[in-house]
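Common to both upcoming complexes is subunit A, partnered first by subunit B, then by subunit C.
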Partner chain A sequence: MSETVSPVMFLILAFATIGGAVMMLSTRNVVHAAFWLLEIMVATAGLYLLLSAEFLALVQVLVYAGAVSVLVLFVIMLTLRRREDAIRPYEPSWAGTIIAALFLGALYMAITRFVPVIAEMPEKVPGVADFGREMFTTWMLPFEVASLVLLAALVGAVWWSKGGDGR
Partner chain B sequence: MHSVSADHVVLATFIFVGVFFVIATLSASHLLARSKHDEAKLSTYECGSEPVGPPWVQFRVGYYVYALLFVVFDIETVFLYPWAAAFGQMGIFIVVEMFVFIGILAAGLAYAWKEGALRWR
Partner chain C sequence: MSGYWLLIPEYLLLAGALVSLFGDLLPGGERSSAILGALAAFAAAAFAGFIGTAEPLFGGMLVFDPVSVFARVSLAALTSVYLLWSGGRGTGSERSHEATALVLLSAVGGMLMCGARDMVALFIAIELSTMPAYVLMGYRRDDDRGLEGTLKYFLLSMTTSLIMLYGFSFLFGITGVTGYAEMDLTGAGVLGVLATVFVFVGLLAKLSAAPFHYWAPDAYAGAPTSSVAFVSTVPKIAGTVAMIRLVEALSPGATQLPLLLSIVAVASMVLGNLAAYPQLDLRRLMAYSGIAHIGYVILAMATNTNTGLAAAVFYMVAYALPSMAVVMIAAEEGSAVEQLSGLVDRRPWTAWALVVFLLSLVGIPPMAGFFGKLYLFTAAFGAGYRALVVLAVLMSVVSAGYYLRIMREAFFGERVSTPAVERSIPATIALVLLVVATLGMGIAASPLLGYLGVSF
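And now, the complex of A and B:
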């Protein structure tokens, strides 16, 4: 059963991720783009789950789909004044076309020269407890530094928004 | 490919029921309800009160602090999960570590409180 379910699930989730990215970039409305971004984040969480990376999937749903997308929507709400501001202008240009063609060429070269190294899946997938033990011993310092990064973001936002009291 | 466990089947069922419920209720209301739109019906719903001004307004930048506070403590919650799972095998050391982490974040919360960013205006 597992041999048939996983490829099908992978195809569905890959389609949801790439299709969502295409929709996000092609929609004219920034609010719609934010919701497509949310869809991409949830589909990516599904891909992680397919790799048995349960904690990563949890982080993806809780932090990215739950919090970062809220932050993106807040920024949109804070910056738009009128409904018309939400519509991005459509401005095709030769410079953009050339850059896109160059990027496509570089991407094609990178993909054709890529030699895939398929990693061996471990017999036993490490659980959340193993992850926690590793994080709180080997990666103790980066873990504490993460709190400082969050503190800097929080203090910065509070300090920055103080100027906006009257508005 | 590795195996699909029973947990995944439960999760897939959960997602399927959730998506199905949304589609079923929306299409049921689409089929059953009369669709007759007048001006009052299409106006923005503001808890039953008369809407004042356009619904597209620029929000005060102070709300951003609430969103960021949510993000910060959401990340803290995510870290508490492996912490709780590893807790039984680690002892006092891990407790101190988490208290330092929460203490640093609490300092940020105290700063936001002191600056009045949490006051609702």
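And now, the complex of A and C:
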């Protein structure tokens, strides 16, 4: 692994991420916005890969690009009655702009003033195998509890989708 | 990796949940699943009482010290009483065994929250405890208003969960650890404060403290009253424990924390008590009074002393017992305040039990609520929050106004209405247990506080 990441690759991916975000926000068509979101997710996965974080890249593609974007598209499909509804008018709001600007300012100030505690890179970049070993030893308990959360969500989804007769 | 046997209470609850999911197949129909769940929760409470160790488990993820043992036992015992009660009455037109399973799963999450000393374990436990609550709040699928309230609750709760997770990610980025033991925010500056605020916004919204309270009245008023009895009480015990742990862990670095908590405490006390006054629906009234009670608890948390934090947990349990009982009575008699009128002629024993619960909520000795408030206010007074304690006492007097209004309706109300639900034997036992607990916790307050490591 090289000390620094390839600047060309980084610039391409960073451009794809930020450009995609701008496009997602500026497009008036919600279906287009959903596809731009997908593009951003894949580009972010590329950034993770560039940092040798294979597992994170994998999860990013599986969960965000795979599941979340498809979910967004499903919601659009199920809630839009007519094709024309997909195009939404642009409604700028001053309150929203001010809140966003304040948040950005606060975050920028906080991050620039903050001196990171872990400055040095680890000797060896942990791979997917290390991650798996760690997950099923140290993080066993949260991992198992997560399956219970999914069980509860599943029971709830079945409950609500089974229609009104009840028995 | 040892220590799995220390999670026996959770296994018992989980086994109860999984069995009651197949409630149709049980002999005796679906009501037996609730009774079975109540037994499982009772066994869990008994086991949780014996499992206490200050040794950190799973690399510091869980710690079962006296405070969390106390909270775990109360949580499991309250779940048991709730299931006993709901086993007696069912869930109206809907079948009930899914509700039993969801209540037990939520209790598992709450039990884990009580012990959690790690951000990852805490977050996943919070999710496990709230995910079933969404379904319970919208359990009646034919009720559009209930589903609207549920949707509001779901969206707000999810958003605040994500804000909290955002805060956790900052905390991890600053400190490089997820366990509270090594978490040190000193020197993190503005980013540390920002992260702390995010984390507490999430927790305060779950506890329905002002100014993050607005989901509670709508969600409670739309939900089935029987679900409100559980959702508005049991998860809050776990939430309080989770919050005092974070206050302990984050206080050294975030010096503004006591100020932030005091503001939230004042806002919750004043808004909750004043807004509860004009309410005509018992669920809305209890939602607002819940906001007020959370305000008292947060006042004690702002002290960040062992005394204050233990008093906060004690008070939360002392609040949850009568509050659950009042909502249970509302579920049986009808949720509007005026539907209680003539209760003393109709069901004299229930009416007198209601008096015990309401007086405990006001804070009259010898009920649990009085001792809870006494310790709470003593701790806050000792830490120098004199003006806030005076305000809190004034606000408790204000709260007597609307609690006494409920009592007046029950005893001197003119209109005689018929009860919504017939009383069954398990439901009667559940109410009797809650009366005994409300009185008993008051009498045993001193030894209990001693167990929590506090002496007055």
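Rule of thumb we're sticking to: the second predicted complex is superposed on the first by the 130 of 167 C-alpha atoms of A that agree within 3 Å, B and C clash if a C-alpha of one lies under 4 Å from a C-alpha of the other, contacts with A are read in each partner's own complex, and residues count from 1 in each chain.
The rule we apply is simple: a residue touches a chain if its C-beta (ideal position, glycine included) is under 8 Å from a C-beta of that chain, and two chains touch if they have at least 3 such contacts.
Since the model is a prediction, treat every value here as computed from it, not as a measurement.
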(request) Quick one: classify A:Val155 as touching subunit B (first), subunit C (second), both or neither. (result) both
(message) On the A-aligned overlay, A:Met140 touches which partner chain: subunit B = first, subunit C = second, or both, or neither?
(response) both
(message) By the touch definition at the top of the document, which applies to A:Leu56: first (subunit B), second (subunit C), both, or neither?
(response) neither
(request) Using the touch criterion from the header, give the chain among subunit B and subunit C with more contacted residues in subunit A. (result) B
(request) Check whether A:Ala106 is in contact with subunit B, with subunit C, with both or with neither, and answer first, second, both or neither. (result) second
(message) So in the superposed three-chain picture, is A:Gly132 touching just subunit B, just subunit C, both, or none of them (first/second/both/neither)?
(response) first
(request) Check whether A:Ala14 is in contact with subunit B, with subunit C, with both or with neither, and answer first, second, both or neither. (result) neither
(message) Between subunit B and subunit C, whom does A:Val30 touch in the aligned arrangement: first, second, both, or neither?
(response) neither
(request) Find the residues of subunit A that appear in the contact set with subunit B and again in the contact set with subunit C. (result) 140, 146, 148, 151, 153, 155, 159-160, 164, 167
(message) Touching residues of subunit B toward subunit A in the complex: what are they?
(response) 1-4, 8, 11, 54, 56-65, 67-72, 74-79, 81-90, 93-94, 97, 100-102, 104-105, 107-109, 111-112, 115, 117
(message) Which residues of subunit A touch subunit B once you look at their complex with the stated criterion?
(response) 1-3, 5-7, 49, 52, 55, 58-59, 62-63, 66-68, 70-71, 74-75, 77-83, 86, 121, 125, 127-133, 135-136, 140, 143-144, 146-148, 150-151, 153-155, 157-162, 164-165, 167
(message) Could you list, by residue number, the parts of subunit C that touch subunit A in their complex?
(response) 1, 14, 21, 58-59, 61-62, 93-95, 98, 101-102, 105-106, 108-109, 112, 120-121, 124-125, 127-128, 131-132, 134-135, 138-139, 141-142, 173-176, 187-191, 193-194
(message) Touching residues of subunit A toward subunit C in the complex: what are they?
(response) 106-107, 109-111, 113-118, 137-142, 145-146, 148-149, 151-153, 155-156, 159-160, 163-164, 166-167
